[in-house]
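The first chain written gets the first letter, and so on, giving A, B and C; residue counts start at 1 in each chain.
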Amino acid sequence: MLNWMLLFVPVTVLLEYANPSGHVWIFIASGLAIIPLAGWMGRATEEVASYTGEGVGGLLNATFGNAAELIIGVVALNSGLYEVVKASLIGSIIGNVLLVLGAAMLAGGVKFSVQSYNAQAARSQATMLTLAATALMGLAVFRSQVGTGYATLEINLSVAIACMLIAGYALNLCFELITHKTWFAGERSESAEPTRWSLRQALLVLVGATVLVAWMSEILVGAIEPATHALGLNFLFVGVFVVAILGNAAEHATAVQAAMKNRMDLSLSIAIGSSVQIALFVAPVLVLFSHVVGPAPMDLIFRPGLVFSVFIAMLITAQVAGNGESDWLKGAQLLAVYIILGLLFFFAPVPAMMAHGPR
Amino acid sequence: MLNWMLLFVPVTVLLEYANPSGHVWIFIASGLAIIPLAGWMGRATEEVASYTGEGVGGLLNATFGNAAELIIGVVALNSGLYEVVKASLIGSIIGNVLLVLGAAMLAGGVKFSVQSYNAQAARSQATMLTLAATALMGLAVFRSQVGTGYATLEINLSVAIACMLIAGYALNLCFELITHKTWFAGERSESAEPTRWSLRQALLVLVGATVLVAWMSEILVGAIEPATHALGLNFLFVGVFVVAILGNAAEHATAVQAAMKNRMDLSLSIAIGSSVQIALFVAPVLVLFSHVVGPAPMDLIFRPGLVFSVFIAMLITAQVAGNGESDWLKGAQLLAVYIILGLLFFFAPVPAMMAHGPR
Amino acid sequence: MLNWMLLFVPVTVLLEYANPSGHVWIFIASGLAIIPLAGWMGRATEEVASYTGEGVGGLLNATFGNAAELIIGVVALNSGLYEVVKASLIGSIIGNVLLVLGAAMLAGGVKFSVQSYNAQAARSQATMLTLAATALMGLAVFRSQVGTGYATLEINLSVAIACMLIAGYALNLCFELITHKTWFAGERSESAEPTRWSLRQALLVLVGATVLVAWMSEILVGAIEPATHALGLNFLFVGVFVVAILGNAAEHATAVQAAMKNRMDLSLSIAIGSSVQIALFVAPVLVLFSHVVGPAPMDLIFRPGLVFSVFIAMLITAQVAGNGESDWLKGAQLLAVYIILGLLFFFAPVPAMMAHGPR
């Protein structure tokens, strides 16, 4: 479906070498190139998973479902662009529950007056987001109370909390895939109607797409700062909204299509599930990775505006997803919150928000 | 019912001209005079609406239901009393969900052990409040992060967010009046048992009451500051609690009566609906009006204490209204939160809270 | 069951006189000695209650259910250790809903796939916690907005709000014991299967255990500061986590046992009920007592980190307890939040958190 967008891969490479100072075009092209590649990675992961049996398959999907975000993160870490990493992580968390879920509920709600889904599963996922929000808010309160000058301590604390979040994610997987899998049944199985590639073919596609995503990410990350300066945009706005929208385009399409087929369980599972995966797996894993790949370790302490965004996203997700029914107004409400957050970041004065600033 | 209170209209005029320095008496008399006038405005709006058919009628009710607040706001804007406008807006938002709904649930709950209402409608309205709270909290976080010195930018951002809130309100009306009107059915229709005025009569009463409300508001607004100084009271306390209680007296009476007749759907619709209307329609409209009528544009950035009050009111409304059942303890809980917020504002030292202060 | 732990009573006395500088050992021994004594106090209270009829009995249980915390608090007040009092109050509030309820839901959920309980009762108790959190958050916002230099005013405000909280607690008792007792039925009655002591015997045990708890508390409180210094620990961590875990050991055991017998109503009643009792009865009563027993009155203004902890505990309790069903993941989520808060306090640098600091 998005295969024509693969054209942006050679376009990006061409631009990067032919016109290396056209940062804005490079940024756009590389961002668009990642969309179909992320789709192919997801597809190949499902194909590989179909050879491994249900448990391992679920684990593969749950771990590599946001592999594109993980790769972008590692590449940006490697360049020391911690603020970009953090902004795009928060952008993915709030984008999935506000933009993706909002668009899905709106699109589904326009067609169906009321749509139902498993409220228990939705509540349990929303509470996982609360867990992540607690960690981020707690660290922000810590920083505000303790003051600066405790960098080592904050790094150690971040590692400890990152481990807790990963443990929470592991328990969540165990709940979804083993002990309470009936609540989540039908979602995953039905989404995979593979054309049955061979295992060899699937692995080749997976490796190929991964390499290409890494390459495009490197170009994208290198272009973010010059491009945002050239456009006179706030880099936080770009990180939280533009990069995250590109990175989640695949989830977006699938979740909206599922909602329009009145399969809200699948839709919520993709949208809230991706947020949970970014917040409790990708973000803490990047904190741990930063001790290996980055120029210096990254902490889990985010700017107050980013923490606020996650808090609000968590709060309204819990309200909206708690009763097992959705309608188009719920979708519109989620989108409105997303737009309001977007306006706040868009209007934020550029000098107050430098990528390498004192925070 | 409240017609004898119309006596306060001539009393106010008399006091204003006979004893212009008796600010406290003028404040009280004009405040009491607004109560029956607001009642007549509401009545006349319903009568006019009965001639227009359901859709337009609902729109009229939804738009002019809080016309008194809107008029007081415009008059105060015109005098440049932005802090008074903001305090009374927040007072109306929290007063409707904490005081009015609390009193209704308490009064109804004393008579009936458990009362039921449409949980879906209540949840959807509570989420509209979350939308408004997000905007107010987001702007407060923006101010705290960006610092001062960005007045123009904050005005532009406020206009953008005000437009988003009005759009959200329009979608909400569309949901209530068109796509999901069955959830809200019975509420509005039953509340109107008119004596059938002629359209001409209804329009005359509407215009007359509006003119008188505007006149009384002008006198009230002029007396607020000298009266609060004379009483040694904090003007924020007066704005948030005293003015708001006067302005919502009509809603209060109707919501409590409905609850005592076990018609909780109507009661919630009035209480939460009024809060939603103030937060998503009156407040943003005043921000837009301020570019025309005020000495300078007004932003949507409120003091932290006011934003906190809205956040708490939103949070407890979502908790209390979410499951479709009310009892007297829920009412008492809402009232207790209202009293605690009242104590906080009552005790706030006067010098820290000037009407024309830096914020 | 815990009777062998009574051995720690003489051990504590021995250590206190034989080795008064061994603060760490004295701290541990006195803390362990309080556990069985608190159990005996609870048992004796139930026995006395069985002689008084249901209403008074429920009142006795509700008032003396956390008598050990109250005694520790009074003793610490008397020594002027306000920060220790405040830390252990917050520790009890969050410990009961996060640790005790989390462990109960986890233990019960491992045995039973899904456990049910009365959602209305749980929601009403969770909203009582919201009331308490509103008071604490409101006072913290007050302090941050008003600034320092208003100590007398803050004391008066604290007394007013403490009275409101106690009034709220009284209404809650009235709801639980009188008007809606069927929601809470079965819980209390079944938990008391007394061996039928005589009234005289019960009163003797009650007085004896109370005296011993007071003695052990005095020793415990005296040892907290030197022991935490000797261990290089942050006193806030000790107050919030260590002291509170010791003080709630009895509730912990009972709530977990009830959950494993699939009696979740009893389990929730103990866990959330204890939090409500500490927040709306013990804490405000200590504020009032401080005008009599302490060297100076204590206010209700807590450090931001403590207020944040209560806010989070309230929020996740409302999410988890709202739908009448629990599973092991909910328990794990509560425990994970508890551990994350614990990490934050554990890592907080010691110098920033003095017991007699400016706040």
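We take it that a residue touches a chain if its C-beta (ideal position, glycine included) is under 8 Å from a C-beta of that chain, and two chains touch if they have at least 3 such contacts.
Here the structure is a predicted model, which is why all the values come from computation and not from measurement.
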| item | value |
| --- | --- |
| Relative orientation of copies chain A and chain C, as a Cα rotation angle in degrees, nearest 5 | 120 |
| Equivalent interface positions on chain A and chain B, same or different at half | different |
| Inter-chain centre distance, chain A versus chain B - centres from mean C-alpha coordinates, in Å | 39 |
| Overlap residues in chain B, where contacts from two or more other chains coincide | 322 |
| Residues of chain C that touch chain B when the two form their complex | 119-120, 123-124, 126-128, 130-131, 134-135, 137-139, 141-142, 144-147, 150, 153, 156-157, 160-161, 164, 167-168, 171-172, 175, 179-180, 318, 322 |
| Of chain C, residues touching chain A in the complex | 113, 303-305, 308, 312, 315-316, 319-320, 322-323, 325, 327-330, 332-333, 336-337, 339-341, 343-344, 347-349, 352 |
